[in-house]
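All chains are identified by letter, namely A, B, C, D and E, in their written order; residue positions are counted from 1 within each chain.
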Amino acid sequence: MAESHLSLRLARTWRSFVKPSICNRCLQTRRTLASQASAPQGQRDAELEEASSLGGAPDAGSGSPVRDFDPLKVPRSRKRQLVPSRYQFRSPKYYRGPLHPHQPPPPSDPASREFVPGPFSTPRLEQTYHNIIAPDFMTMCYQHTPPGFRAPQKGARLRPWIGDSPYFRNRPLRGPRGGDVLRLLRKPITFRNIPMIERVTVHSFVKGALSGGSGYIHVAGMALQAITNHRVMTHEARTNEANWGIIKGKTVSMTVDLKGEDMYHFLGKLINVVLPRIKDWNGVRATTGDNSGNLTFGLDPESVATFPEIETNYDAYPGKMIPGLHITIHTTATCDKDARLLLQQVGIPFYGKVVD
Amino acid sequence: MASALRPVLRPTHLASLPTSTSTTTYICQSCRHARLLRRPKRPYTFTQLVTLSDGSAFTIRTTSPVPVYRSTRDTRNSPLWNPTSKELLNVEDDEAGRLAGFRARFGTGFDTAKEARKEAEMESDNISNTPASPTAANAEAAKEPTFEDEQNMFEEDDMNLLDLISSFGQENTQQETQSPQPKKGGKK
Amino acid sequence: MHASSIRGALAQVFQIPLRPTLRNAAGQISTGITTTTTSSFSTSASRAAKKGRGAKPDQRITLIRYFLYHPTTLTPRPLRFSRNRYLRHWTIHRAWNLYRAKVKQARQLELERQYNAMHAANEELRVGAGDGGKLFRKAQMKTGVWSIPERGGGVPIEYARGLVEWMGSTGGLGSSGTGLGAKAKIWDSEWTRS
Amino acid sequence: MAPSRAPSALLLHSLRSLAIEKPSTALAIRAFTSASSTCQEVQAERPSFYRNPDPETVYQPRLERKLARAGRPPIGSRRRRMALSQSPRIPFEQLPYQCFQEARKVLVEDREEKLRKIETERARVARVREADPGAFRGGEPFKQKKLASMEAELERLKILADINDPSVKRRFEDGKGDMNKPIYRYLAERKWREYPRKVLVQRITQMNVVPDVVPNVDPIVDVKIAFGKKAVGSGDFVPSDVSEKPCQLTLQAFDRGEKMVTIAVVDPDVPNVETDSFDSRCHYLASNITISPTKPLVDLSKLSPGSQVLLPWLPPHAQKGSPYHRLSIVILQHKDNIPIDFEPAKQKVERDGFTLRSFMSRHLLTPISASLFRTRWDESTAAVMERAGLEGANVELKRKKVEPLPYKRRNPSSFR
Amino acid sequence: MAPRSRGAKRIADALGFSTPKNHVCLSCRQSLALTRPQRGYASAATAKATVEAPPITQLSPDGPEASPVPQPIFTIKAGVVLSRPPLITPDPHPFETAYYLYQRRLNERLVLPFTQYFYYKRGTPAFEQWRTKRQARGGAATRDIGKYNAYTDEAWNDEVLEGDETGAPSKIVEQLIADEGRAEEFTGTGDPKFAGLKRRTEADEKNDQRSLERSLSRTLYLLVKNKKVAGQSQDESDFWKFPSGTIIGHEGLKQAAQRILFSSLGENMNTFFVGNHPVGHYVARFASPRPGPPPQMTTETSKASDSALLKQEVAQQPDQHPSLVNGEKTFFMKARIMAGQPSLAASQDQDIEDFRWLSKDEIEKAVHPDYWVKVKNMLATQ
């Protein structure tokens, strides 16, 4: 069904592009409108703000005070301190619900305790995606459906219980044939849903922590923090596993979730500098992926040590304690093959058996 | 309506690595007690210029204070990323620079004769078929400082002898400066 | 182990006051490092650690613990802006959101134009080519698009060259380098199909 | 500079009370923050400054008192005035900060685009308005619906044109926003819905005004109750002598145009000893009141008895021993703002056993807002009831002692 | 049946084409009939194809639609849109650079202090060098925010005034290279201040439109100019076009495009054809029917008629001379070049006079206006 809606809408937008059918009645109104719009420029709209600072009124000549404006001149020339300020608003340390009179400002407000300064650069991988990868991905995966084409009806995925037994009437539906794992549906790729890299999770299970104390955790945390520009988030063991020596409540692994600018910088560094240095490495296994567009591959401690950040002060890290990593790349694709195609375009080589 | 139904998906944050006991868990239901607005702890980051092996460079945000990172081994000179480029085919995979070190000390005299000859004639025919295309880019490549070509001009065994002598003399200092640097980067 | 007891042990190990200000903390640390290297390191915390694992605890681990934990106690306070400065920040924030929205819309329109051109071309091929859609059917085959270069499909790895910000005039190893690292190459015009 | 930032509700009141007036000369020589003199000029005209100090930049306490006596109170805090007197008074939008000026360029370009859109939208609305209904498929109702949606779009574009303007934000935060303009109405509504509306809705639902008095109310008008000078929060206890005189209501509407409303003050907790339950009683009823965003103040004592007040103000009172009484104030909007005919309504309505639901259905009223205050027995209630001629001041209601059931020993054998 | 091709087959089944004797099943006829009235754009009657090898004479698939008007005959051609993707990032918008500097300075006031002793041991020369450089920068550890220290009492003044260059990327790179100190090793012929790094090459200076090292931040498209053929009008031949040629035999669009590209412009181009289907098309109708391309294998005379607009419908009977052609339809295949250069010397059929690499706005000036209107939507502006 979705395809047919899509194709109808596409047909309409396509037709409006190719042959914008403007009836002559609108044509001549458009002509009068243009002349009309320019006429009443003088009459300002009463509803809008007259003294608007964005009014674009030519600034009254950048007179002398503006040109040699120096913010530090006046404070330095003050002989005595200003009167202390009586303004006491402080961003509250605890959030006590929406009805508490002392509400915290939103995180985008600089005075908030959770304010994080925004992006510091446009990563090159992001520009590569928008300029080169997205158009080519759309071209490769384009599936043509003629205008007015209705895809044949697919059966419902959840099967009803059919039989004469009275208990079948309101019973919840059964899973699809062959196991009840409902995979994500793959919509045809159009310019609106081109898969992109959404976030990257760097995970590291610190085996040494089980026996060797928190030294391993701290070194692994420092290494991960140096690589990913983010502080790690540690996870405790949930259950007791005697044969693996896992004790409940003991920190065993740590992850970092990278989004946006940090993610692109990490991926760019990983692909360009770290992966080529892995000895006799012929790429990521093509069978990786969890059928929902997320691919994972691992790095052993030697290749983690070749990251530029760790290489600069390699002797500050005790040798054996640098952790191995699992890197999971979450993409907005809904199946493995799209995600793998996207990562090939980004620059990660694949080898071996191909699993869709 | 009144209870604080604001779904707060705050993952457990690590105030500092020695895990503090008061970790705030995921809160999705209405929460009666006050929730700490934790300050985001972010490590100090620099802008670093990463220069790849073919000279191209880009800036990234990283935690290491080194201003410029000159990478000697990356996608631009790795055979896996450039399967069809000619230069990469006959560059031996001298990973830890041990072969270069050996050659610096004892010259190329010990290379097997066959391999050296193959290398030399690869160089010569590479030059021969390029002049065919008159494009400016090729002409400019031809008059580029061709340091390899000088080595090919000598006779093959003279080259080994000369190499043994000349390389032993002045190149040692330069090899020293170059070789320790990759060694430090190598694995312990 | 509760956070403050760790800090206490660390503070004791490095003989630094519990509430160090940045300037003297840096100073303390420097003296701390130099002293540990010279004087014998016999405080109770390390003796307990030693008893636990026998070997002398790696001094680098304690340093890493300090560098992980110490800066978090000196987190700068939230910003307090004046009225004008707050309005300027608010204007910059609004303009940035507007600018990102415009850039996003421009990219969306660009992709939509390309999509519509492709749709028109395929429709013309299906209907107007006059060979009963044979060329169209052959064009719609997606064999090998999702496979990998090793098996003759997918995207060749050289395609994924990625954008850089600057081109160099000598190779990565500088003018003194030999072999591939020496020549700066913006575009490989001499590529021949071997 | 006095560091102040987006103020919470409390601070906004303090700012509003400071009654800051903008130099309203026709030629807007300088925007709000700048007065003409820089430091040097102040020294030059030193002698005259003592005689007529400028309220923007005076900071000596003596001069401030002189100004206050002269009826021109100093503007802002002393620290701010001290800083302003020394700083080069450059208008805010010309401050030469690089990122700020680049941001302004982006916003100016966007505002021009929005102005163009407003022009085309207004021309389109004019065209549709003058087109005859026959041209449309759905006739007149379709045309009205189309006009309504186009007007809403025009309103949205006007808001978008001014939403990114720092001077608008500053003017609104100083409380000087002109409620005729859609941008200030929008900002006022957003600020109201962020916090005060949540509190109002909580008070109404917690104290069960909604099911008891009004079936359902989704507040779209802000109600503030004030007795003389004293402002009363929704749901507060008001001493009976204060609530003897009718209160003043501030009904702040946020959408364009005027509204014809009816105000009802109903007390649903009148104890009825016989039926051992509570009846409801109407303390005040007035209708045909027009409110608009610019004229929100309604003084219940000043409404005209002849055409508006159906039931005069009965002072709220609670008998001794009875639980507190909830005086819920409900604002009901007339259908299509048509005033109700006063005389028949005045005959029919009566004070005791007043049910707001029947009144609403009879006059086609819809509740647009509600609030309440509470009254209980205090020492002045007896005097108030006696002055108002209400009996029952001497009666004290006590809880009937409920006798426990007689204890009957259970038959142990049946347990086994 | 690999899932992918099954998808295509399902489409084909639904369209009823692949059934052996071209019979159009009922459900598809309705969906096709549904498309019939709205489609005013494409020519009402489908044209008969004059594919070189055995010309298919029977009517087009919409059998029952055999319209009485004689259908114009088009030659089907495969064109190649060969493009070099941009090599460097586009120039940043001034607001972007100013915003990034503003945010970096805010970050300086909010981020955890830099743990310098983790990277530089105290007392080593490296630490001394680092400390002197840091004090020269006014105490800030990072180099991209100019002279600013967030731990002094004048830290509130973190906004730079107008006309300030500290945020510009070139200034930051200059600062980094000055800090590193090994600039002269890598300068070569370039500018020592940037250690030889540059964004504009000599090809930019000379505006050499045949080189691929020109305007590195834009996508460059390959355009060719065909040699003058006697029959062509004067102005038609001096316009540039994408390389194109007629389809020969049963080859698909992609194979045809590859054959045309490599035969006309030489083998030494490492190209990647994106997808098997066309990304754009150009329909050129001749003013008067012209003899169709002679059916020999390799000829590739591309005659772009001066595309008289679709005014006159060819009225008279086209069939006396079977190879008369009313126009040509070129379907463009998208291809990316990764290495190598086209070489006219190496091409077999020497009918291309010259080739150029142009970006989208240069194409507009070099191409016939009608051609531009049909082609501009598939090109990338950046």
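General observations
Criterion: a residue touches a chain if its C-beta (ideal position, glycine included) is under 8 Å from a C-beta of that chain, and two chains touch if they have at least 3 such contacts.
Here's who's who by UniProt: A = Large ribosomal subunit protein uL5m; B = Ribosomal protein bL31m N-terminal domain-containing protein; C = Large ribosomal subunit protein mL40; D = Large ribosomal subunit protein mL38; E = Large ribosomal subunit protein mL46.
All figures in this text were calculated on a predicted structure; none of them were measured in a lab.
Steps from chain A to chain B, taking the shortest chain of touch contacts, total 1. Identification of common neighbours of chain A and chain E yields B, C, D. Of all the chains, the one whose CA centre sits at the greatest distance from that of chain C is D. Greatest Cα centroid separation from chain B: this falls to D. When chain centres are taken as C-alpha averages, the shortest distance to the whole-protein C-alpha average belongs to A. By the count of C-beta pairs in contact, the leading chain pair is C-E. For the pair chain A and chain C, the distance between C-alpha centroids works out to 13 Å. Centroid to centroid, with C-alpha atoms defining each point, chain B and chain C lie 17 Å apart. Between chain D and chain E, the centres computed from C-alpha atoms are 60 Å apart. For the pair chain B and chain D, the distance between C-alpha centroids works out to 67 Å.
Counting partner chains per residue, chain E shows two or more touched chains at residues 7, 11, 15, 39, 85-86, 89, 95-96, 99, 102, 106-107, 110-113, 115, 118-119, 159, 161, 169, 173, 182, 186, 195-197, 211-213, 268, 270, 275, 277, 279, 336, 339, 341, 380.
Counting partners per residue, chain B has 2, 17-18, 39, 41-45, 47-48, 51-52, 55, 57-59, 64-65, 70-71, 80-81, 84-85, 133, 135, 137 as the residues that reach two or more other chains.
In chain A, 18, 69, 91, 98-99, 110-113, 115-116, 118, 120-121, 124, 127, 131-132, 135, 139-140, 142-144, 146-147, 218, 221, 225, 268, 271-272, 312-313, 316, 347, 349, 356 are the positions where the chain touches two or more neighbouring chains simultaneously. Chain contact summary for the complex, chain C toward chain E: residues 22, 26, 29-30, 33-34, 63-64, 67, 70-72, 74-76, 78-79, 85, 88, 92, 95-96, 99, 110, 113-114, 116-118, 120-125, 127-133, 135, 137-143, 145-146, 155-156, 158-159, 161, 163-170, 174-176, 184, 186-193. The touching residues of chain B, when paired with chain C in their complex, are 15-18, 20-21, 39, 41, 44, 51-59, 70-72, 76-77, 80-88, 91, 129-130, 133, 135, 137-138, 141, 144-145, 147-148, 174. Within the complex formed with chain D, the chain E residues making contact are 94-95, 98-99, 101-102, 159-164, 167.
On chain B, the positions that touch chain A within their shared complex are 2-4, 6, 8, 11-14, 17-19, 31-32, 34-43, 45, 47-48, 50, 52, 58-66, 69, 71, 73-75, 78, 80-81, 95, 184-185, 187-188. Contact residues of chain A toward chain E in the complex are 11, 15, 18-19, 69, 71-72, 75, 110, 115-122, 124, 127, 131-132, 135-136, 139-140, 142-152, 312-313, 316, 356.
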